[in-house]
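Look at the two complexes coming up: subunit A is in both, with subunit B in one and subunit C in the other.
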Partner chain A sequence: MQLTLEFGGGLELLCDSEKIHKVNVDLPNGADDFTMKHLLSWVRTNLIKERPEMFMKGDTVRPGVLVLVNDCDWELSGQLDTTIEEKDVIVFISTLHGG
Partner chain B sequence: MEAGEAKSKKPRGPRLCCICNQRRPVLKRPKTLQQICRECFYEVFEEEIHQVIVKNRLFKSGERVAIGASGGKDSTVLAYVLSELNRRHNYGLDLFLLSIDEGITGYRDDSLETVKRNEVQYGLPLQIVSYKDLYGWTMDEIVKMIGLKNNCTFCGVFRRQALDRGAALLKVDKLVTGHNADDIAETVLLNILRGDIARLSRCTSITTGEDGPIPRCKPFKYTYEKEIVMYAYFKKLDYFSTECIYSPNAYRGFAREFIKDLERLRPRAILDIIKSGEDFRIATTTKMPEQGTCERCGYISSQKWCKACVLLEGLNRGLPKMGIGRPRGNLNGDHKKVTKAGATAKSIESKQCGSLDF
Partner chain C sequence: MEANGGDSSEIVRELEELKLRKTEIEDRISTLEAKLHDTTAVERCDAVSNGYSYPTVPALEHGLSPDQIYRYSRQLLLPSFAIEGQSNLLKSSVLVIGAGGLGSPALLYLAACGVGRLGIIDHDVVELNNMHRQIIHTEAFIGHPKVKSAAAACRSINSTIKIDEYVEALRTSNALEILSQYDIIVDATDNPPSRYMISDCCVLLGKPLVSGAALGMDGQLTVYNHNGGPCYRCLFPTPPPTTACQRCSDSGVLGVVPGVIGCLQALETIKLASMVGEPLSERMLLFDALSARIRIVKIRGRSSLCTVCGDNSSFNKQKFKDFDYEDFTQFPLVAGPLNLIPAESRISSKEFKEILQKKERHVLLDVRPSHHYKIVSLPDSLNIPLANLEARLNELTSALKEKEDDHINTVSCTNPGLYVVCRRGNDSQSAVQYLRDLGFSSAKDIIGGLEAWAADVNPNFPTY
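Our next item is the complex of A and B:
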């Protein structure tokens, strides 16, 4: 499954200072749908190069990190349970950097 | 922009915006938990700020107003929204961007580039004042001398004065800053944690320094950080988002994290903390610093010398620890004027953290 991931608000610094990542992910064994929960663990393993605690806390994003799935706040789509589909665009923005 | 619409093949979220009942919602408002579409979001976001400005009479027609601009998200959105509202509602304001160049290579030089683009994008004249010009030292030079321990104190104290000096250069009547609701809630907590009653009593005021040279106000006092960032994202505003390379302010970091955890459980917590801060009544037996002027530079100070002069003296004499910590600097010694609360409780020392001085 092809996805576009975008990191902003300083989060790009955790993944080689690249804001946009075109990635290919596979459905984990035994799962029916690919969800944000799967995606976060994939990102943590495959994209985050340093300070993962700036991105995640427990099994979800750190409070203060905004997530948009196809330009829609993930709080409207079930957060970790949001189903991800082919060609989706997922944006992560940190609000934690200075103003 | 319309890419989001094109991609809305599967409405995984809720059905319709609860304001217009027509379009697909894109955002859940932390303040109200309403699910709203992009168009309605722009409208309520801007209208709420307009209402705050009107209700609190932040500006008068004909005033010159400087926007403290760091190039970060808050001040960038503030500059954009304020110039928009100024046009739409005929505030009659002359707006300016005011930036401080602390002299931090790899951080401020980059963010100043953002402000210079904003100058063009929003058509607002920009004034930059630098620590090097005002004090003879850049933050890079200060850190080289004092290390990474108390650098945020220097930076914060110097910035507060630098903003006032820049505002004086621009001959403005007011200075606005991008402090948002999350920042203010965080500062209320910090002031409680530090037992800093003087600051606790004023950190929730939407306007401060009315008895000083240039009043400051915070039009985003009730605006959630989440909405500011969402607004900047949807409007594709050009802002800079790198952490200061010298900024390990651990204590404030904990408070910030705590607020964000609370917000996740109950988003209203942020407004409620601000409300608590506003409603505190400080005991009249609490000793408060009395405001005077610095004998050396004439700036407002509750001590014989203002904090910036004390710190600067330390730097220039090679004694950088001077003025750091609770006993407020050797130079001021026993010179401590104290009065009852409520008299003139407006000391103008800065907070420990650079960008969040109230």
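Our next item is the complex of A and C:
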């Protein structure tokens, strides 16, 4: 399954300063759907190169990170249970405080 | 040299004094101009010429004076804004919290467009390193309160609106009283505790909050607590770890990035105040300056479980006053120096200067990021950024070895010293702690880093 993953607000620094990643992911054995839970674990293993605690806390993203599935807050689609489909765009963005 | 030094301090002092007087005179001029303006407008109405008395223009229903019609004509001509929009704007009041990178353009546009009453709050003074992004301030105001500077700039653009100045920090003790006087609140601050405090206060008072943020090359914008939309805590119930909260003074920011977001904050505020258009509520604008992309995403609505605006929230004014936002976010509003290591592992910049003068053998390790090192550095220093120290330890070991070998030809038989420096003296302590644990027992940090070097040893050494 082909997906576009984007990192912003400084999270790109955790994955070689690349903001956009076009990736191919496979459905884990025994799973019916590919969910955000699967994707987070895939991202942590395959894309995050340093300080994983700046991306995740427990099995979800750390406080202060917004997750957008096709430009929509993942709170509206079921967070970790959101089903991901072919060609979806998932954005991880760290909230900014500066001014 | 002595005499020259005396002369220049005299000049600086006189300059300061003249600049202050200039500011006061300019303030007085704009006040008088505004007064004159009002008086002549009245006199014009009463003017008698050749025995003919010009008819007084009957008070117009929308309440705009002839001068206001002329001043705001280009907005009145907009069918979607028109006289109704302008009339609403003139009756509205807006508080801008922070007169920095976001607040600068926001204030300029809000003053220019004719918001009836504009409040400005900030406790800071104007510094030279603000000027690249805080475009409301001029060099003449360096060292003066940002609020005074911003208010003078706003008055010089539009002397007909009311401007309130608050030269103080926003705290739980004064926030309710100040915010309650305005219709719309603009968050143009730069830190997490202020953002939580302002949002909570807006929920208690039922005020819409136009929130902007910028750092590096990125910006974000949204409207909170408007028309049943979410508050800041609905989106971020738990504060982020402090390591994820960068300051512009540490991470940098391209001046125009907060400029863009500040302009958009002014726009959202104008829309709310004039009751025109569709506010950016339950949506967030994400600005990526480097790749020239603006994305607007849909965000969650108000959370019924929110601890502040939720259905069963017990949050009230008293709880707000007692709430410790610095503790909640673990983010100090005033960033003080850390004390991580014992005094015997540290030396002052003056002591380090003596080491240089005595030509004592040593290695000076600079642990700042390499792009900092390129701005300015002490001579004969070795740059290994703190983040790479572990991976590049061999470079440090060989630099120390080299100094030891030098010693074969000298009389002294002490081991070379290892001194660690950074920008302000915090990272250098972490580095010394790490190095001592590995057995580099001579490692010492230079207290206060390069800023202390510039302050106490060499005033010509650049700071940033």
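In this text, the second predicted complex is superposed on the first by the 95 of 99 C-alpha atoms of A that agree within 3 Å, B and C clash if a C-alpha of one lies under 4 Å from a C-alpha of the other, contacts with A are read in each partner's own complex, and residues count from 1 in each chain.
In this text, a residue touches a chain if its C-beta (ideal position, glycine included) is under 8 Å from a C-beta of that chain, and two chains touch if they have at least 3 such contacts.
Given the structure is predicted, the values throughout are model-derived calculations rather than measurements.
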Clash-or-fit label for the pair subunit B, subunit C on subunit A: clash
Subunit B versus subunit C as contact partner of A:19, first or second or both or neither: second
Partner chain in contact with A:67 - subunit B first, subunit C second, else both or neither: neither
First (subunit B), second (subunit C), both or neither touched by A:82: first
Winner by number of subunit A residues touched, once subunit B and subunit C are compared: B
First, second, both or neither for A:43, with subunit B first and subunit C second: neither
Of the stretches 2-10, 74-82 or 110-118 belonging to subunit C, the one that collides with subunit B: 110-118
Set of subunit A residues, in rising order, touched by both subunit B and subunit C: 8-10, 62-64, 66, 68, 71-73, 75-76, 91, 93-99
Sites on subunit A touched by subunit B in the complex: 8-10, 13, 62-64, 66, 68-73, 75-78, 82-83, 85, 87-89, 91, 93-99
In the complex, subunit B residues that touch subunit A: 3-4, 7-8, 10, 12-14, 24-28, 35, 70, 72-75, 178-180, 182-183, 225-226, 228-230, 233-234, 241-244, 247, 256-257, 260-261, 263-264, 355
Of subunit C, residues touching subunit A in the complex: 98, 100-103, 188-192, 195, 212-216, 218-220, 235-241, 243-248, 251, 253, 258, 284, 286, 288, 291, 295-300
Subunit C partner contacts - residues on subunit A that touch it in the complex: 8-10, 19, 53-54, 62-66, 68, 71-73, 75-76, 91, 93-99
